Structures are given as structure tokens and as C-alpha cells.
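Please find the structures below.
Paired with chain B in one complex and with chain C in the other, chain A is shared by the two complexes that follow.
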Partner chain A sequence: MTTEALAPPRKMRSGEVAVLLLLPIALINAIGFILPVLNLARFSFNKVSIGGGIENVFTWENWLGLLADRFYLELIFNSVWISLAITLTTLILSYPIALYLHRSSGPWRTFLTVLVISPLLTSAVVRTYGWIAILIDDGPVVSAIRALGLPAPSLMFNIKGVFIGLTEILMPYMILALMAGFGRLDPRVEEAARTLGATPARTFRKVILPLTLPGIALGCLLCFVLAVSSFITPKLMGGGRVFLLATEIYDQAIVTLNWPLASTLSILVLIVFGAALWAYSAVLRRLD
Partner chain B sequence: MTGLKHAAGISLTALSLSFAANAAMADNIVLSAYSGIFQENYVAAVVEPFMKANPDITVEFYGMPNSAQMLGTLRAQKSSPQIDVMIMDVSVAKAATDEGLFAPMDETVSKHIADLYPQARVEGVNAVGVTFDNLVLLYNTDKVKDVPTSWKALWDKQYAGQVSIPAVPDIQGTTFTIISDKMAGGTNYMESVDAGIKLLEELAPNVQTWEPRPDVYQPISSGTAAIGIGWNARAQVYSNLSDGKLGVVLPEEGSGFQINVIGLVQDAPASESAKKFIDYALSPEAQAAFTEKMYYAPTNAKAAPLIPEAAIKRTAAGVMDKMIAINWLDVAKIRDSITEQWRRRVIPLSR
Partner chain C sequence: MPVSQSLEEHLKLDGISISFGPVNVIPSLDLSVRKGEMVAFLGPSGCGKTTTLRMIAGLISPSSGRITVGGRDITRLPIHDRDMGMVFQSYALFPHMDVTRNVQFGLQMRNVSKQDIERRSKEALELVQLGHLAQRKPKELSGGQQQRVALARALVIQPSILLLDEPLSNLDAKLRDEMRLQIRALQQQSGITAVFVTHDQVEALSMCDRVVVMRNGRIEQFGTPTEIYERPATAFVANFVGRTNRLKGKVGSDGQLVAAGQPLRATTKLSPGPVDVLIRPHRIALQPSSGPATTGDGNVVEGKVSSIIFIGDLVQYVVRAGDEEIVVEEATRRERAPLGVGDNVHLRWSADDTLVYPDDGK
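Our next item is the complex of A and B:
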């Protein structure tokens, strides 16, 4: 027997352990995500023949066509601003709820948290159909507005419907993200501010808001990304009047069979996401 | 559950292939077509009788929601096909043919091809018509009291905000553009559909949704919408199921056909049995059985005499002269331009 065999097993360096632990997920990601995205990028340079056949060539046609077509430029612009507006509305509606939840405690807090999460237990499709039943022209909401003698707007099958539906569907995500980001908000800091004579409004502006900014940034990033990529709700509630990136990708891929254009639009969505991530990290850097 | 069964069916086929590539083993054929009520009725009217007549062949029905997904599946399986026979829309079949996904289709596959109506044999597509469908007017019988006879009912102001139209790029919208163009005095849709688009601009303010979901039949049956357009076969089936709520009319101005074709997948694992199935699917008996069950008009000219009068009356088979000849391969060339005109001129007027 050699001394070597008796020696304790060689310790792995932490770098090696990290590589070993990361390897499986990196592999899965490479096969399940990176490869398909690269494939998609390649597809965006293919040519589609009349009727939907795909010619395996290399052309910039899809990209140039996209940038030259006003319809698509408007589509991109609309998708981004509608998603931003929905994100902002979701934030304004969710922030008080998240703050209240953060401050509550015990079984009451558990109960409220379950209440907030419960919409996620129902599929977005079901909730969207629910909204259609509520907001449709002869539905309860419009009838109630009419009963008050006010001019009733059409709330369904247009941009308003998409706006209402998506805001409700995204609120649980926003609330959860906000709560996750509220860790730094210590009630003692608020108490200190109040003791030192700050008004509630001033306390909110100078203490609470800055401390909750990481949560706000996270929630906004999450909701923006989900809003841009949401497809079912705009499809069901937009009535074919609301043209967004996600619905257009569906139409091009499934109805018109223009896979190269659908791929080009998909890569464009990834670019929009990249910009959102960049903005998010810029905000975080400034906070630090 | 059925999805699991299909997946199992496909993997079984693959398995049997990998064990032995001889013809004796390959008697399990996979047929792919639309899922849902098409699948239910096609299995009952055509697949089961075929299996009864050919006990040595098993047909697995692999349903998919639309032709685009079928094309996608064919593309993905190009190097080792798992599907033998495909039923899909003719314009998508053209793309599949162009990409070499369908084997040639002629009278060596089925002698019945000689008996098909000329519209069922499309130059440049390696597949032949297996069902004819046509656009119809749908209405809710509670909300629409006088049975409409003309497409013009859609323009009636009393249905403002109650009209359901599946817009382009859906081919129901495309077909409706061509019908509108003819109603407005247009003579050649390939040259211009401008007259039709102008007429549609007047319809736009009446429209509740351009994107009826899950399809156009449910909202009209339930009364969410009052009137709309859709395909005849499905409309007839849903009308039977709707307790009389869904009314279906083939308007006096006529309509246009949608064609589903049947094709043999290139390098299909069970080609010989698959050819046998295609031959059966095109036979007058199978065509008649499916028409009776689901009201698609038959593509085999010899099928009509075998179909009960009550069923044939609910198809366009008796009024072939009223149908606008639509060449879907030509229409593919103007589809983008029609879509653009809808999006720029028609849909914005309904906001």
C-alpha cells in the first residue's frame, strides 16, 4: 500500500466545484434555449416563397422590410408603450397592497398573501374569458354605467379591454416582486423619520420610496417583459384591433406561414427584452 | 388522454420501424388532420369503417389544431417522417409540396382521382381535394328574427356592435373579401379587390370582433354576437349541437370554397397501407359517409347520389354554379396585399 492511497481525497477547488455544479444547467440551457434562439436568428435571414414555403438562403430582406414598413414600426412602438403603460398602472395599483402586506403579520398576512396569489392558480385564459363576460357591451359593467345615465364606453375587444385584462393578470407578479424587494424597508427607519418630525408624505418620499426602489425596479422589469410577450389576453380581448408584437408573431407563424418574418419579429422582441434588462441594471447600479 | 394515446401511437410506429423496415410490420399508419370535431367525425365516418374493411391495418389519428402546425410537424420530421397521410388546407399543402414534403399523387395512388371534381385537382400540389367547405352566414336565432338570405344582413345597422368576422390573414377573411368584391361589382379579384375593400370599410363600424375566440361559432351560439361568417361544415355541426340557437345560411349571392387536400408524406414509413387509406378516403362511400356526418361537400363526383337529400341540402353540393371560383394558389400571391388593405383601411374604421 502506498502512502498516496492513504492520503485524504484531494479537495476540489471552489472554482472546479462551481463549474461542475453549473455544467448541467448550462448544458440544458445550451440545448433547450441558446440553440433554438440561434436557429431562430438564422431563420430570420431565410426567404419565404409565395404560399409559405421556406427557401434556405441568406437575405436581409426581412430585416430591411421590417424597418421600411410603417405598420411594423408602429407595431413595435405600440407594443412598447402599451406594455410600459400597463406596467406603470400595475405598479400604482399593486404598490399599496404590497406595502400593506409587508407590514401585516401573522395569519392575517398569510391569508392576504394567499388571496394575492390565488389568481395565479387559475389559467390566464379562464380569467380572460371572465373579463370578457364582465366587460362586454351588454355585460354588468357597461350596463351599470348606462344605468347611471353616463355614456358607456366600449370596454371589450379593443385596447381598453387588453389594458384592463393584462393589468389584472400581471398584478400578482408585481405584488410578489415588490414584496421580495421590500427587504430593506425596516419599520424602525420609518418610525425614526416620523419621530424626527417628518410628515407621512415626506416619510414616504424620502424614506419608504428610496428603500423600496429595488422592488419597484424588479417588479417593473418582470411585468414589462410579461406584458410584451403576452399573447393570449391581447388575442382574446383585443378583438383583432390591437396589433402587438406577440400577436403578430402568432399570425405570421401560424396563419400566414411566414416563418422568417415571425423569426425576425421574435428576435426583435429579444432585443426589446435586452434593452429592458439594460435599463433595469442601470437603475440598480445607480441605487448602489 | 387522447394526446397521450397519439404520442404513444407515434412512438409505437417509430419503434416498429426501427425493429424492421419490412412492409409486413409497417401496417400501422398515422393520419394527421384537424383535431376536435373534425377528428371525432372523421374517425367515425371514415377511419373506423376503413379499419373494419382492412383488419391488418391500424390507423392512428394524430390531430392538430391547424394546417400550419401540420406543416411545422412535417418540416421537423423531414429526415424521418412519422406521419404517413396528411389532410390539410390546399394552400399550405402547396408550401409542403414546394419543400418536397409530399410524395407525388396520381392515379397510381388512387383510381378515384379520375372521378374528382376539377376543383379538387390543383396543379402544382402533390395532394388532392378530400373535402370542400364554403363560407356561410351565421346568426343567433334569438337575436336575428328574420332569416337572412343575403350577406348584406351583416351591414344592417340594427346589428351594430354585434357582428363577428374572422379577419385576414385568416382565410375566412380572405374568402369574404373576394365575395364582397363580387357583391360590389368587382370582376377580377386578382387584378384588384378595391371595390370589395370599400364595401368592407362600410361594414367595419358594425363589427364587434375581428378575432372571434375560440372560434366564430361559440359566440354566436351563445348570443355574445348576433351575426357573422364561418365555415359551413363546422357551422352545421355546431348548429345541431346548439339547440337551434345557431342559424346557418348559404346566401343568395353565393360563396367560395375552402379545400382540404389529402397527401402522402414523402418517405412515409407505411406507404403502401397509406396509399390504400387515401384510396378509401377518396372513394364515393367514404366521401358520402363523411358528408352525411359533417356536411363537407364531397370532392368525388360519384359520391352525391349516395348521400341522403337532407344532408346534401346542407352543403354547397347542390349549388355548385353559385360558387365563386377561387384559385387559392393565385390568391396566395395577393394575400399580403389584401392583409395590408384590411389593416390600413378596414380594421381602423372599427375602433
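Our next item is the complex of A and C:
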């Protein structure tokens, strides 16, 4: 008996379906992201000519120069450090809000969620100018501090201003990421801990915190990446006195017209992101 | 007989009530549980069993009323100071801890010494027959296994009050029987006062010292299993606990009860009006109508067998009598020639077994 004749028409295996479905986005990514990045990587080994043109030669000059220059080493170190500090501050300020939102329900929750998301509806430029108006030397905050008879700090056009502005701008992202990661937090589980004799503080440490770690990791990754790559806020609020990776890339690319150096710095930022992603997946692996 | 059970009042609910939004889920509840006693909460889904348990544990505060334990008012006491072990209906295991660490959690919170934690958690896991799965995470366990971890976690802390929200609902019949015996033995040995929520009347009647039958947030009856079964306070209780035949009846102005087209005798005091007459299927004796029709002081009703259902150790006869169908259950035995469909029969039951309630309109 021949079984071939009876066999149903060949079905696509799930692997083939997946490849088909992924193909469009893979193409778009290849053209819109991978190729430009490769091009950027190539620039970083090119040389800049006197007039700002690019000499198509292979050289390690940019990379070696970068690693030998104290200014750039400090720039990298500062950028990473400040971004980490901003991420941590954002986390501390956002966590209670996200937890409260996670626990609330009904129209109240919808209202608060809209409130949290609404800053994202205004551009970061507008919000940055808002912060400048608030924090500037004779603005309301500094005047209020002065009125209290305290020594008034200078909050604008320095790193403090950048810190405050970025933290506020990143908070909605952090809150949303935290809430997305709070899925495992079941109120019954908290209650179980309480009936077993755990005080609210111990319940937080032993149950709530471990169960929300995935959300924390996600939020921190997101905010760190956004902080390192943020340009508008440090540029405007730093008043040209705060040097970070993103602002420096801008200056090199647009002002100095040194594209090879700008490319080298950009690839460096990508390496920093790669490290952040690696740390994130390491945390997630440990959780599982 | 439970050794540790005394008449001393332990857990007391004093007019507690709660509303969720506009819905008054528990209007006002009074209950007094003795020390070392195991009380069952029995009632249909949504009647407020879990809600009451949660108020006792302190997970929600009653809108009004008082909860006392051993005379001490705990209505406002924080949850973690109440020393109550709770088994949640949804288990509520810690997903990030393995089975052992789940069971040890309560002991760690009580600052028990390391050795004791090891020993007691091991014992508790042996008790629920899960020693071999100690390293698993909750998500790697079946529903029944998770339920047993939840049970071990609540038992291991030897709380002064144990609150069990359908702790055996997900186990197979055999395991459930074993767990019942073990929970009961443990509860009696250590004299823990326990509240046991269940849908299962067999569980309630067989395991517990007393049973609370609840309906719509109210207590219909609170009594020993025998009282609940033999002298149900309302038609609802009679219907909910055990199987019953329900006949529409009437009490005339002369006090005579009539149902299934016949005058019946009952021992309850009757006031005139429409009534429900309830008779348990196995309290009715069935005889071929050719036999002697002695009335005695019981009830005799004539009918015709309309169907027979064989269940193994029981046979159910559905008998048509007047315009009612009455189910009769008999243990299967061999000595009598089996009745057949269409046979004329006499149904016989005593006046004591005739439960009469005013018609509640349902």
C-alpha cells in the first residue's frame, strides 16, 4: 500500500512560519539600523581631512587617541556614573508610585495612569524649558530657598539642573516599566506573608522586593539607556558646561565636523549599552 | 473524643459586618468558637465564607463589630501579630521560593532556631507527603501538591487559630481522606482552634465538631453535625446538607398537614399555610403494596415505581405518588426480590423524619 497518496498536503513547520513572520522586521532593521551602524563603525576607523571631509583609510588613530585622552576617559566615566545615579534616583522616586498604581483599581487607577503618562505627550524640549524656568537663578525655587534665609544653590546650567530635569523626564518610563514587571506580585501572596507573621517591612524585603525585581531590572535598563543617550536636556540645562557622551558626539559631528571621532564615540555608547544589556540578562538569569 | 476541646470560648465574632461598595456582603454575624474546636463554614459559593475568614485573619477590617480571641479584642490588631495560620483558597505560595523555603517562612518570621526550622519544616513536609519535592518551585507542582504545601506552611507554625479556606478542594478522593484524618489528628493533638471552610458537606459533617451553615452572609444554623443533619433549622439547611425530597404541602386551619395528596404526620409544631415538606430519601422504606399496610404512627403513601437507578451500594427508586415524585434510597441487598418499574409500592417513614418548613417562596 502506498501511504504517500494518502498523506495530507504538506504543512509549514512552525519554524518556517516564524521566519516568514520575522522577515519584514528583519529587513527593516537591517536597512534602517544594522547597515548604518556598520557604516558608523567603518567611519570610526577613517581619518578626518582638514576641511572636514573623510579620508577613506584604515587607522586606529581615533580609538587610540580616545583611550589616551584624559578628557574623553573622564567624559565616559562621568556619563556612565551620572546616568547610573539618575537611574537610581528615578527608581527610588518611581517605585512607590508604581506599587501604588499596581494596587489601585477602577477609575482611580485609570486617572492616575493617565496622569503618569501625560508628560510623555509633551516633547522633552518643552519640558526642559519648563524646568529651566523653574530652576533658573531668580526662578521660583531659588527665590523660595532664599526667602527662607538659606544659602541659595545654583540649580541651572550645571550638573544639578541636568540631574533634576532628566530624573523627572525619565520617571514616566520607569513607572511604566516597573508596572509591566509587577505581574508576579499577587496581593494574596503578600497577605500570606503577613499571616505567617511578617511585619510590613519584612514582607517588603522578603516578598515584594524579590517579586518586583524583574520590573526593577527592566526599568533600570530602560532609564539607563535613555539617560546615556539623552541629548536635549543635558544640552539645554547644562548650558554648555556639562559634558556628556551625547553632547560631545553632537559637538564633534555638527560643530567640529569630526565625523570619525563622533562615530568612535557613538560606537562606544553602543558598547556601554551592550554592557547594560548583559547586566540586565545576568540579573534575569539569576532570578529564574 | 477530642481530648483538648473544652467549653472555654476562644474565638468570638461579635456583630461583625462588612460591605463592598454598596453591597452589604455580611450584614451582622455572631459566632463563638470554643478552644480546640474545629468549626466548619458550609455554604454555597459567594455566601461570604472567605470574607468572614479574611476578617478573622485581619486581612480586611469589618465595618463594625468586634473580634475577640480568649477575651482579648483583636479587631484592630495587625495581621502579623494575630498568630493565625491561613490556607488560602488560591494557595498563595511564594513563587520565588522553593517548597522548603515556603514552609520555613513562618518559622523564620518567628525567629525559631535554625535546627528547629530544619526539623519542623521537614516534619511538616512529611506530613503532607511532599518530602521528595522539597526543592521544587511552586510552579513546578500540580494544583494538589501546591495545596499541600500551603497546608504544611500554615500547620508548621502551630498557630493558635487555624483558618482553612477549602484546603482539600483540589485533591483526589483518597488523598483527601488521608489529609482530613491528618489535619484533624494534628488539630486535636495540639489543641488548635480551627475554622474550616468547605463546599463539601461530607467534609463538614465528618471532620468538624460543629458546623456553621451560611447563606447570603447570614448564619442559617450553627450546631453539631447531628443537629444540622437531623434537625435542620430551615428548609435551606435541610436542602443544602444531605439529599432531600421536597414536597409542596399545606397545613389546614385544623393543623392537619397534607402533601402528595395525603394527610401526613409530623412532630414539628405547625401553623396554617403553605409549607415545604422535606424527607430524606434513605429514611423512607419501600414495600410492595401487596404487603401488610400497617400505618403505625408513621406515614404511609402509595405510589408507583417510575424508574430505578443502580449506583452500586445504593439503589434509587423514583416513585410517583399523587402529583409528586419521591426518591427513595435503599442499600442494595439480596434477600428481597428486587422491585421493578411499574410496581405499586408503599412508602413508609416516621413522623420524626417529616421535616416541615413554612414555604419560603423559592
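For the reader, a short list of remarks on this structure follows.
Definition applied: the second predicted complex is superposed on the first by the 277 of 288 C-alpha atoms of A that agree within 3 Å, B and C clash if a C-alpha of one lies under 4 Å from a C-alpha of the other, contacts with A are read in each partner's own complex, and residues count from 1 in each chain.
Assume contacts are C-beta pairs under 8 Å (C-beta built on N, C-alpha and C of every residue); 3 or more make two chains touch, one makes a residue touch a chain.
All values reported here derive from a predicted model rather than from experimental measurement.
On the superposed chain A, the positions of chain B and chain C stay apart, so the two partners fit side by side. Contact with chain B, but none with chain C, is seen for A:52 once the two complexes are overlaid on the shared chain. Judged by the number of chain A residues each one touches, B leads among chain B and chain C. When the two complexes are overlaid on their common chain A, residue A:283 makes contact with neither chain B nor chain C. Residue contacts after overlaying the shared chain place A:40 against neither chain B nor chain C. By the touch criterion stated above, A:180 is placed in contact with neither chain B nor chain C. Touch criterion met: A:236 reaches chain B, while chain C stays clear of it. Once the two complexes are overlaid on the shared chain, A:193 sits against chain C while remaining clear of chain B. Of the two partner chains placed by superposition, A:267 touches none, neither chain B nor chain C.
Following the chain A superposition, chain B and chain C show a smallest Cα-Cα distance of 48 angstrom.
Residues of chain A touching chain B in their complex: 49-54, 71, 132, 136-137, 154, 157-158, 235-236, 238-241, 243, 251, 253-257. Contacts from chain A toward chain C in the complex involve residues 184, 186, 188-189, 191-200, 202, 206-207, 210-211, 287.
Of all the residues in chain C, the ones that touch chain A in their complex are 57-59, 78-80, 82-86, 88, 90, 92-96, 105-106, 109-110, 153, 157, 163. Of all the residues in chain B, the ones that touch chain A in their complex are 66, 68-69, 71, 75, 91-92, 94-96, 98-99, 161, 167, 169-170, 208-211, 213, 224, 329, 332-333, 335-336, 339-340, 343-344, 347, 350-351.
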